[in-house]
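First the structure, which I've put down as structure tokens, then a few questions once you've had a look.
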Amino acid sequence: MTPSVPIVEFRGVGLRVGTTTILRSVDLVVDPGQAIGLFGANGAGKTTLLRVLGTLSRPTEGLARVLGVDLTTTDRYDLRPRIGLVGHTPALYPELTLRENLAFAAEVMDVARSRVDEALAMVGLAGAAERPAGACSHGMQRRAEFARELMVERDLLLLDEPHSALDRDAVDLVEGLVARTLDRGGAAVLVSHDRDRVAKMADRCVELEAGVLR
Amino acid sequence: MSGIRRQALAVARRDLARERRRGEVLWVTVPFGIIALLLVPLAIGTDQATLHRVGPGLYWVVVLLFGVLVGVRGAADETGPQRDAAALLGLDPVAVFAGRALATSSLLVVFELVVGVAAIALYDIDLIGVGWLALVVLLVAIGLGTLATIASSIVASGAGTAALVPLLVAPLAIPLLLGATQSLDGLRQGTSILSWILLMIVVVLVLGIVGVVSSGPLQESR
Amino acid sequence: MTAQAEIRDRRWPWYVAVVAVAVALSLSMISPPDAVQGDLIRIMYIHVPAAWLAYLAFTVTLVGSIGYLATKRMVFDRLAASSAEVGVYFTGLAILLGMIWGKPTWGVWWTWDARLTLTAIMLFVYLGYLALRRATPDPDARAKRSAILGVLAIVQIPIVHFSVVWWRTLHQPPSIIRPDGPAIQDPLMVIALIAGVVAFTVVYVALVAKRMELARIEDAIVAREATFERPVAGEAVVAPDLSPEPGGAR
């Protein structure tokens, strides 16, 4: 990837579902090596914007490019493995153990199985690898999801409330994960209510207000 | 291609591992199916000759109606965040369809076998042509599993999923029901069942093609 | 964004429909009674056209589904949905009339004739299609998903048809009367039947056109609300009011 291509290039992006407008003419450019803090009240559309950035929701208006690919095209599947998303609701399968959860990701992404235990050790969950995700605390599940992101290399990292339910060590972990992504020329978008903490990590902060970016 | 196969197997393994821990099929759907077989004689009488005659047909009806419930599982058991996370692993929609259909079909084979043993015991069904029988069981499992997987992903986002899937599947599964019952009849009477087997193979192929072609548009969120 | 919701209220299809139905009804009344069935035969003049519409409506739904998938134009979705709604009605009518006709003719409400079985199966495919539409609130998702179901039905129904017909030919019931209907000899009977089919088709076209127009207006209202009147999502959440007056105090 040439460094001149922005990781995110949104111009006048809007999203409407049925009768509800969720995003309205969002302009956002994120260059390689940049971390953006995204703030906003409940229901302002932060999580939706994150899903659009993650190619999971298709915008209904405007020009939207992520990693140089137009999001309105159907061919977004090649793009997806390069984007990491850790949402605020755990996305692990509760019946499977933490190791099985990560092993599934490793198998789908064709990553060596040995990386699973390495990643779990990095987030301090080596001892809990055999525990079903459903029996783990919220914080542990989030750690396991960060382990999944550590296991693979992403060019765009999307974190929704990265600091919630995490202790001091785990917060360092998030910062390490973001720093690693930025170092290799990627970018990160951090959604949060914790302005102080995110402002320290971010190069730039934007505010989403009723579907409009300010 | 090898990537899709690897991903499909990963999806199937994930679904089967989750099912093994939950035991929904084995400990809920299978007993439910056997209860259905127990209820019928209570309602229509316990005359051995009658039961012997209606047993095979009844068994396939139970497989069709209750087997659909095995397929419904796939639609309801993935939350939005789980689907998002899986999508961002770069899962190919064809792999998701194939993996889910594979897992559902495998579970259906188990369902058919356990309920089949109960049917043989309760209705005194003769086992004739075990090799052919195995093929019929397999074809019904793949056909029904594929159909239920497609129907589940058609209704995936909507409410009332669990009730809707059986309504969509049952009428379209009729060729499988007829193929299976007529094959058993044919085996019992010693007539050729090749054409019915062929019919079921055609159904499986057609559903497979529909599933692969529709997987992309169906899994795309919007 | 074309959010025009002006109502195009075409009356003429209804006038044509009323005239056609009146003509068909008169012909079915003046046509001679059947040699065997007597006046019972008159049910045929409604039953056969209704059954014809069941098949026509289903075909139109499938055409609409394919049209939508190929072009993504909502007009095809509306065509498919409207035709299905009208189709359910006429399929149900055809089955019901068939049963009413069957009871005095064959002594049973239902026979396992291939055509009868297939019509019943089609009714349930239709009902599933409409249930899916009701369960899917987002218009684009609804159009796409129901169109895919429509296409799944188009590939599967012929196989269902084939297997049921085959099953019947293998298991022809030994002495039950074949429910093929009576032989029609009188030319007036043929004319009455054709008039019925034409009249019902006109009614079908008028109903589908009206239903499509209604769906278009519904969509236009939704689109207009989305563009102008409705608040943006975030405005649904306002700052909490912490003034010390509880709701009940006056």
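Observations, loosely collected:
Lettered A, B and C in written order, each chain numbered from 1.
One rule holds for everything that comes next: a contact is a pair of C-beta atoms (placed from the backbone, for glycine too) under 8 Å apart; a residue touches a chain by one contact, two chains touch by 3 or more.
Computed from a prediction, not measured in an experiment: that's the story for all the values here.
The innermost chain, defined by the distance from its C-alpha mean to the mean of all protein C-alpha atoms, is B. Among the remaining chains, the Cα-based centre furthest from that of chain C is the centre of A. Separating the centre of chain B from that of chain C, both taken as means of CA atoms, is a distance of 30 Å. With centres taken as mean Cα positions, chain C sits 47 Å from chain A. Separating the CA-averaged centres of chain A and chain B is a span of 37 Å. Among all residues of chain A, those that touch two or more other chains are 17.
Within chain B, residues 222 each touch two or more of the remaining chains.
Taken residue by residue, chain C touches two or more other chains at 137-138, whereas all remaining positions touch fewer. Those residues of chain A that touch chain B in the shared complex are 17, 51, 54, 56-58, 74, 77-78, 80-81, 83-85, 87, 89-93, 95-96, 100, 104-105, 107-110, 132, 145, 148.
Remark: chain B residues 3, 6-7, 9-11, 13-14, 17-18, 21-22, 79-82, 84-93, 216, 220-222 touch chain A in the complex.
Listing the residues of chain B that touch chain C in their complex gives 150, 154-155, 157-161, 164, 167-168, 170-172, 174-175, 178-179, 182, 199, 202-203, 206-207, 210, 214, 217-218, 222. Per the touch definition, chain C reaches chain B in the complex via residues 69, 121-122, 124-125, 127-128, 131-132, 135-138, 140-141, 144-145, 148-149, 151-153, 155-157, 159-160, 162-164, 166-167, 170.
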